[in-house]
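Chain nomenclature is as follows: A, B, C and D, assigned in order of appearance, with residue numbering initiated at 1 for each chain independently.
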Amino acid sequence: MSAAFLFALVGVGLFSLGLYALIVHAHLLRKILAINVMGSGVFLVLVALAKRTGESQPDAVPHALVITGIVVAVSATALALTLMLKLTAETGRAELPEDQGK
Amino acid sequence: MQILYLALALFLLVNLGAGMWRVLRGPTAADRMLAGQLFGTTAVAVLLLLAQTTGNVALRDVALVFALLAAVTAVAFVRRAWTEERTNNES
Amino acid sequence: MEALTLLHWTFDILLGLGLLWLGWRVLTSPDLFNAIVLFVAFGLLMALAWVRLDAPDIALAEAAIGAGLTGALLLAAFAKLRTVEKNHDIAGQLEKGKLENRSFQWWPATFLLVVAAGLGHTVLSLPHYATGLSAEVSANLKSSGVSNPVTAVLLNFRGYDTLLEMVVLLLALLGVWSISGSALPREAAPGPILDTLSRLLTPVLILVAAYLLWVGAHAPGGAFQAGAVLGAAGVLLLLSGWRLSSHLAGLPLRIILVAGPVAFVAMAVFTMLTGGQFLEYPRAEAGTLILFLETAATLSIGTTLAALFLGERPKNKREYP
Amino acid sequence: MNPSDYLSAALMIAGAVFFLAGTLGLLRFPDVYSRLHALTKADNVGLGLVVMGLAVQAESWAVVGKLLLIWLLVLLAGASVAHLIARGALERGIKLWRR
């Protein structure tokens, strides 16, 4: 066990928490937060595993990927929030419609 | 000295955790936001201490960015999200 | 030495537990506003986690975005949601966010426990020592034109990632511009304090963005961090009631928005015409070319992030009635 | 440890005490105005003391300058935000605590 694996496990935990909340909650703002928490979990796993180089400098490639990912995540969040507002204005509900099939 | 820096950083982290209680408890939205502000100041101190103990001077730049942006979220709260007091505030 | 190791471990374990606990509270706290504030705090702890994982580049990006942009975005959306509710007379959307959280659902919980256990097991069964691509990165670092390995990866070895990332940003902005509704109702005047604050902070923010751009070549920093700081400066100005003058809101704004991707594509075409591969810079000039690309990228990223926060499409002069 | 180490340690421990005081104030004070007061004052002094403690150990004057700049920025942000929140709270009719 090392600090890298500790944080990798925290990342796994955050990913699972986020996925659970994404399934369970209906409110779209909560779903957007859940996706962001999931994303943070994934980033944490990637960067934690990049630290397995021992004493030398960590692997720079996952670091670069995560920096790109953080900026993409914030722009995707902005788009998702706009979609949520539009949906609420149109339907009067900040939720996705239920399945009509059943 | 290494031990002192790290111990102080740890102490401040615990201090942060205690401040979380106010975010959860409220009672007004302003209280929650204030506790968020506490997070910013404390994180700056933790980062500066970690910069000293690890010798990684780049962490001072992280602290600088934190210090610069500490106000933005709070300003967004005051200017946008704080349209009325929603919770049953204390009397 | 023993005490030091113990302190390091205590710090990391507390930080990890804090992250998990905050993540849990973000998703289950009975009040949506509360969840947003907790999420901002969560971002702050994430920045500390990046520091502990020897990733100061990411910590810088997370600090700028977590402290400056995500919170402002979420809070503004929360406020707009309330306005939408009022306009449509549909009270209780935000209340609904409160009630449902009380229910605990067994099937998803069990499923997710299995997923978590599986993922955790997989992570733990990975080799405890792996160099990944770090050997390749350090072997080629000399020819990359910069000495910060993360910048070398972002701008040289995997420059196409950065190109496509900026296209993604642009697409997100196009999406927001196409669907976002009407402008916010008139804001109150910022008042002397906020006015002074924004006037004092904005020049410093721009200076720090330029500094991060410059040091990115040899130390943590670079186009993304600088762009995020620039975007935060834009958000602060927008919150203080500043709007782009209508002369600049048309073509000039759009030119800045696409400057980054266009510079990258032009560079790619240029390098291919001069006999190299896609985005393969001539070695001697690599450092200069990277700085040029990064400057264009910083301007585009910063402007796009601020425009994403504003939401509505800035109209140019002719479009005003 | 040489004398400057002792000075630095004393300053930083004093800073930590101020942080603790700020948190106590945040948790224990009765209304938003007094909590505002406790938090912004105590934490900014705490950070100032930590910064001074670190400045004693700093390797160059440039580092001292950066540390001071960080502190000044936090002071500026803290003071402005405290003012904005306090005024906002008054405008929204959040009552002051009376014994």
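Here, contacts are C-beta pairs under 8 Å (C-beta built on N, C-alpha and C of every residue); 3 or more make two chains touch, one makes a residue touch a chain.
Bear in mind that the values here come from a model prediction, so they are computed numbers and not experimental data.
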*Comparing C-D against B-C, which pair counts more contacting C-beta pairs?*
B-C
*Would you mind checking which chain's C-alpha centre is most distant from the centre of subunit D?*
A
*subunit A to subunit B: how many Å between their CA centres?*
22
*asked:* Rounded to a whole Å, what is the gap between the Cα centroids of subunit B and subunit C?
replied: 19
*So how far apart, in whole Å, are subunit A and subunit D when each is placed at the average of its C-alpha atoms?*
33
*Geometric centre distance via CA averages, subunit D-subunit C, whole Å*: 28
*asked:* Residues of subunit C that contact two or more other chains, please.
replied: 8, 36, 54, 69, 78, 194, 197, 201, 204, 225
*Can you tell me which residues of subunit B touch two or more of the remaining chains?*
33, 35, 40, 57, 64, 68, 70-71, 75, 78
_I'd like to see which chains touch which, written out pair by pair._
A-C, B-C, B-D, C-D
_Quick check on the complex: what are the subunit C residues that touch subunit B?_
3-4, 7-8, 10-11, 14-15, 18, 22, 25, 29, 33-34, 36-38, 40-41, 44, 47-48, 51, 54, 56, 59-60, 63-64, 67-69, 71-72, 75-76, 78-79, 82-83, 187, 190, 194, 197, 201, 204-205, 208, 212, 215, 219-221, 225, 229, 232, 235-236, 239-240
*Please name which positions on subunit B make contact with subunit D in the complex.*
1, 4-5, 8, 11-12, 15, 18-19, 21-22, 28, 30-31, 33-35, 37-38, 40-42, 44-45, 48-49, 52, 57, 60, 63-64, 67-68, 70-71, 74-75, 78, 82, 84-85, 89-91
*Residues of subunit D touching subunit B in the complex*: 1, 5, 8-9, 12-13, 15-16, 19-20, 22-23, 26-27, 30-32, 35-36, 39-40, 43-44, 46-47, 50-51, 54, 57, 63, 66-67, 69-71, 73-74, 76-78, 80-81, 84-85, 88-89, 92-95, 97
*Would you tell me which residues of subunit B are touching subunit C in their complex?*
2-3, 6-7, 9-10, 13-14, 16-17, 20, 23-24, 26, 29, 32-33, 35-36, 39-40, 43, 46-47, 50, 56-59, 61-62, 64-66, 68-73, 75-81, 83, 86
*asked:* Under the stated contact criterion, what part of subunit A meets subunit C in this complex?
replied: 2-10, 12-21, 23-27, 29-30, 33-34, 36-37, 40-41, 43-45, 47-54, 56-68, 70-72, 74-79, 81-86, 88-89, 92-95
